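Some structures are shown below for you to check.
Consider the two complexes below, in which chain A is the common component and chain B and chain C are the respective partners.
Presenting the complex of A and B:
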């Protein structure tokens, strides 16, 4: 019995010796609405059908999430750099949430050069690429860091496309 | 090429580079245990801070060279830099190069017809560049075989 089922690929038709009428189109339409029989008249157990349906639904859900993410803007880089610097404990001790773009790491926050290296390493881990030794010697203000990262990652601010008709919901500002 | 040393480094710059390469070493040695990596870096930081106020430059330099040697000896087992794979010296450096701009000239005309404005401008730009080149350098020699 088990051997038979395995050989016929889990179809129960030979085992049960059962065949549904598929000769005319009408009966075929009629049987296919039951979703238990495939077009060849073989019976599919309900578990297979429901499992396949759930897998397909999950695939559709996953595909909906695989959209292209929006491009990075200079403002994103700025906020990420500020978050990294705010998370650093010595900056938290020195100035709590008072750092701006013009803040100098050594003059304003009183850090030493090894702290500066630690911040650079935290930025490397955040952005996923290495900052060469010759480059981080100049990155003493947050503005310089942000400018360097923008230049390094080739980030440009795109203008919104001008379109003739506002009917397209992607470009319609009132719906957001 | 900014990773190649082209200038003379001051003492403090060498100390900073040593400290930063210690991050690289600790991350590789303790990967993927981030807690051990942080612990290791805190210990290194304490060792650096212990000699922060050394006034004797000869002694400071001897300490620095000792630290660099220690790093070299512990680093030689870690041959592959997987920290930042696409960065210089990483294991995937130049693995996905940006295709050359001339690849667009090989498109099929039907493909080019999908972007008519871009390819019309591109032809104009190419023509302008060729005119500029002829004006600047004259007719080029045939390529050497």
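Presenting the complex of A and C:
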């Protein structure tokens, strides 16, 4: 049983496959080449199979990494902005995690315009684009920041697809 | 009619250095502050002997900006901004030495302070 498996494994090698129809002593050839490759003759197909499976697993892993991430929702933006503001040390000193969407940086938290710029720089680092200086005076509350980011990044809330037993409405046009 | 009366009113206005009003000057200041903030990790590496942490560097930069917080003249603000930009270029291009940047940090500034009280001035020989 094991020997036949080994032989089948050998036939998968392209070089031997090419030689197969021409050579009359193909069984001899297999055994001889096997014994030349390694004396026991059992290790080689195992190595072959394990290498092949490892390549396959790597491919599967790569495919998983290349999958596009789920689209950002307004709720994601909100939570990320709140996390950044909570991490900022001067806010931590003043109001520990009492920040809501309506919080005003200057009136409620007592920050000055330089602190405001620091928060904007942290936001730029998080979201990866630059906020032009003309927009600074629009971003005084957390709600305004979230709205601004949603507008800048073109984030739309996608509705969840409704699963139903009804036929696909796209194809109904042909029938009517 | 005297000459002063015939000069048009617009000529009496001061020519601006860079900014025409306070809003523009403020924008320039905030831009300069942002540039300095963005430079913080590089300052840490370039002047590594000063052994600054990032929060400390942020405090230093803010302290240097707040030193001029009471300046209200737009032209004066513009000149300070220009000086800040020149300081920035010198720091970013490593035209300064380690100790020369340490001057920004008030805790590392080892320049001898001028005596203030009477007795100190007396000891110094004023």
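Operating definition for what follows: the second predicted complex is superposed on the first by the 113 of 176 C-alpha atoms of A that agree within 3 Å, B and C clash if a C-alpha of one lies under 4 Å from a C-alpha of the other, contacts with A are read in each partner's own complex, and residues count from 1 in each chain.
Keep in mind that, in the parts below, a residue touches a chain if its C-beta (ideal position, glycine included) is under 8 Å from a C-beta of that chain, and two chains touch if they have at least 3 such contacts.
Quick caveat, the model's predicted, so the values are computed rather than measured.
Asker: For the three-chain model obtained by superposing on chain A, do chain B and chain C clash or fit?
Answerer: They clash.
Asker: Quick one: name whichever of chain B and chain C touches more residues of chain A.
Answerer: Partner with more touched residues of chain A: B.
Asker: Does the superposition put A:129 against chain B (first), chain C (second), both, or neither?
Answerer: After superposing on A, A:129 lies in contact with chain B but is clear of chain C.
Asker: Could you say whether A:105 touches chain B, chain C, both of them, or neither, answering first, second, both or neither?
Answerer: Neither partner.
Asker: Using the superposition on chain A described above, determine whether A:114 touches chain B (first), chain C (second), both, or neither.
Answerer: In the superposition, A:114 touches chain B and chain C alike.
Asker: Have a look at where A:89 lands relative to chain B and chain C in the superposition and call it first, second, both or neither.
Answerer: second
Asker: Have a look at 6-14, 114-122 or 132-140 and say which bit of chain B overlaps chain C after the superposition.
Answerer: After superposing on chain A, the clashing stretch of chain B is 6-14.
Asker: Which parts of chain A are touched by chain B and by chain C alike?
Answerer: Shared contact residues on chain A: 113-114, 117, 120-121, 133-134.
Asker: Touching residues of chain A toward chain C in the complex: what are they?
Answerer: Within the complex, chain A contacts chain C at residues 89, 113-114, 117-118, 120-121, 133-134, 136.
Asker: Can you check the complex and tell me which residues of chain B touch chain A?
Answerer: On the chain B side, the touching residues are 2-3, 5-7, 12-13, 15-17, 19-20, 23, 45, 48-49, 83-84, 86-88, 90.
Asker: Which of the residues in chain A end up touching chain B in this complex?
Answerer: 113-114, 116-117, 120-121, 124, 128-130, 132-135, 137
Asker: Going by the contact rule set out above, which residues of chain C touch chain A in the complex?
Answerer: Residues in contact with chain A: 26-27, 30-31, 33-34, 37-38, 55, 58, 62, 65-66.
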